[in-house]
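Here's the structure we're looking at; comments come further down.
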Amino acid sequence: MSITDAQVAAAMAAAISEATAIAVPMNIAIYDDGANLKAFTRMDGALLGSADIAMNKARTAALFGFNTEALYDFVKPGGTSPGFDRTNGGLIVFAGGIPIRDAAGELIGAVGVSGGAVAQDYQVAEAAVASLQFQP
Amino acid sequence: MSITDAQVAAAMAAAISEATAIAVPMNIAIYDDGANLKAFTRMDGALLGSADIAMNKARTAALFGFNTEALYDFVKPGGTSPGFDRTNGGLIVFAGGIPIRDAAGELIGAVGVSGGAVAQDYQVAEAAVASLQFQP
Amino acid sequence: MSITDAQVAAAMAAAISEATAIAVPMNIAIYDDGANLKAFTRMDGALLGSADIAMNKARTAALFGFNTEALYDFVKPGGTSPGFDRTNGGLIVFAGGIPIRDAAGELIGAVGVSGGAVAQDYQVAEAAVASLQFQP
Amino acid sequence: MSITDAQVAAAMAAAISEATAIAVPMNIAIYDDGANLKAFTRMDGALLGSADIAMNKARTAALFGFNTEALYDFVKPGGTSPGFDRTNGGLIVFAGGIPIRDAAGELIGAVGVSGGAVAQDYQVAEAAVASLQFQP
């Protein structure tokens, strides 16, 4: 299963709403379970260079099914997989990419947000995922 | 000036509405006047390979301020600029990318559509541009 | 839905069997519905340069849901979409890539074969798809 | 000499069997002595982003004739070759890639596995190599 138009619309609206609430214009990307782009928004005033990062956060989370920041464990000094973040054409290993799962726990896509402080990016991505109200 | 969130939302909604009306799921991309991606939607069932094409149609139209099909004149046999379409990392020179101008005629962005026959792509892109109701 | 291990094994075995029957060692690639590589075999003696072509044939067929040779219509002289084959990082528009659909007609993946004459490539790809015995 | 179809089939079957035994769906790649892809399988449910890693582990092991984790010595702080892992378009220097040698000790290819914890990847790659029963 892959994320649907209706789910994408809900998640995108929730992300934009949260970004507006904290007054940080964001880049927001949604990928499907095949790690292909499904939807993207660069809000007025969002950092231009963060568009690529938002897309890559969502792609990374879709490719591995983990929050992007969780993948840092693999590459940090002493981690098990030095250079892991240079695979797949370059991955993002800081917060802001979160996988999206259906009610059965299956990966259906991911959201990636960039444009603010990392904690703000995470907060907006979290709002997008929470809007889908799955109860695994 | 660059296309705004409100204009993007109107253009995207019009494109989706037109695609739904003709029952052809489309990839729809909107670029700004800096030839950078502003918004993207791959509708459920839209051809996966047409996502890249939709984005490149919008990028091409934003880069040159012409409908994409108009650029074919440069590269057709006997045209003035053979290989023009291989510049800028590869351009699209068939229909489906249309520049967006403000009331003063200034380029503010472009829309690109792909997923159907070329005439259908053009029709949906046209609907997006028309929704903005500028009167140049 | 995406092609499964069991379907991949059946299709790959059928392709290898057909290639062996005509005594042309082949490169055989199977992609899923997200246009990601699922399985690949380069048979002993298969042309090394045809590995990339087999993969791209399967990728192209998965991206667009058409036999690769059908896409040539878009780019041939007088076709509607000049340069279409340079999108998506470069596509293959000659025979040997065939989409795979389930019993309901939904695209679940594609097979790509390269290593012989184009007609031989097509024959082996066809054998792979036929082995799945869907009756749409 | 290069790894043969029969050896590839045995190694791939052993890897799939071991991955099934530990219930971790894996990406498994086999490269030949020319560091070119010979066979690949992404098992149902295997992490999509680990496909690239499995292929690069096998490629790295085939390029240098060492287990991938052994190459970390070159790039670790104080190692002799900082940046070594950025050569060849990017190498993998953690476990899961193992060279394959014939009875005379000649390099004939390599296997790369990714999709689980690094120790699991190594275990599955080891099973593939062991299946070939060479006695160097």
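Labels for the chains are A, B, C and D, by order of writing; each one numbers its residues from 1.
We adopt the following convention: a contact is a pair of C-beta atoms (placed from the backbone, for glycine too) under 8 Å apart; a residue touches a chain by one contact, two chains touch by 3 or more.
Bear in mind the structure is a predicted one, so any value in this text is a computation, not a measurement.
Residue numbering at the subunit A/subunit B interface overlaps substantially, since over half of the positions present are found in both copies.
For chain pairs A-C and B-C, the one joined by more C-beta pairs in contact is B-C.
Here the spacing of subunit A and subunit B, counted between their Cα centres, is 26 Å.
If you average the CA atoms of subunit B and of subunit C, the two centres end up 30 Å from each other.
Residue positions of subunit B touching 2 or more other chains: 48.
The full set of touching chain pairs reads A-B, A-C, A-D, B-C, C-D. Those residues of subunit B that touch subunit C in the shared complex are 47-50, 52-53, 56, 72, 75-76, 85-86, 90-94, 117-118. Only residues 34-35, 60, 62-65, 80-84, 86-89, 91 of subunit C touch subunit B when the two sit together in their complex. In the complex of the two chains, the subunit B residues touching subunit A come out as 4-5, 8, 34, 36-44, 48, 51. Interface residues of subunit A, counted against subunit C in their complex, comprise 2, 32-36.
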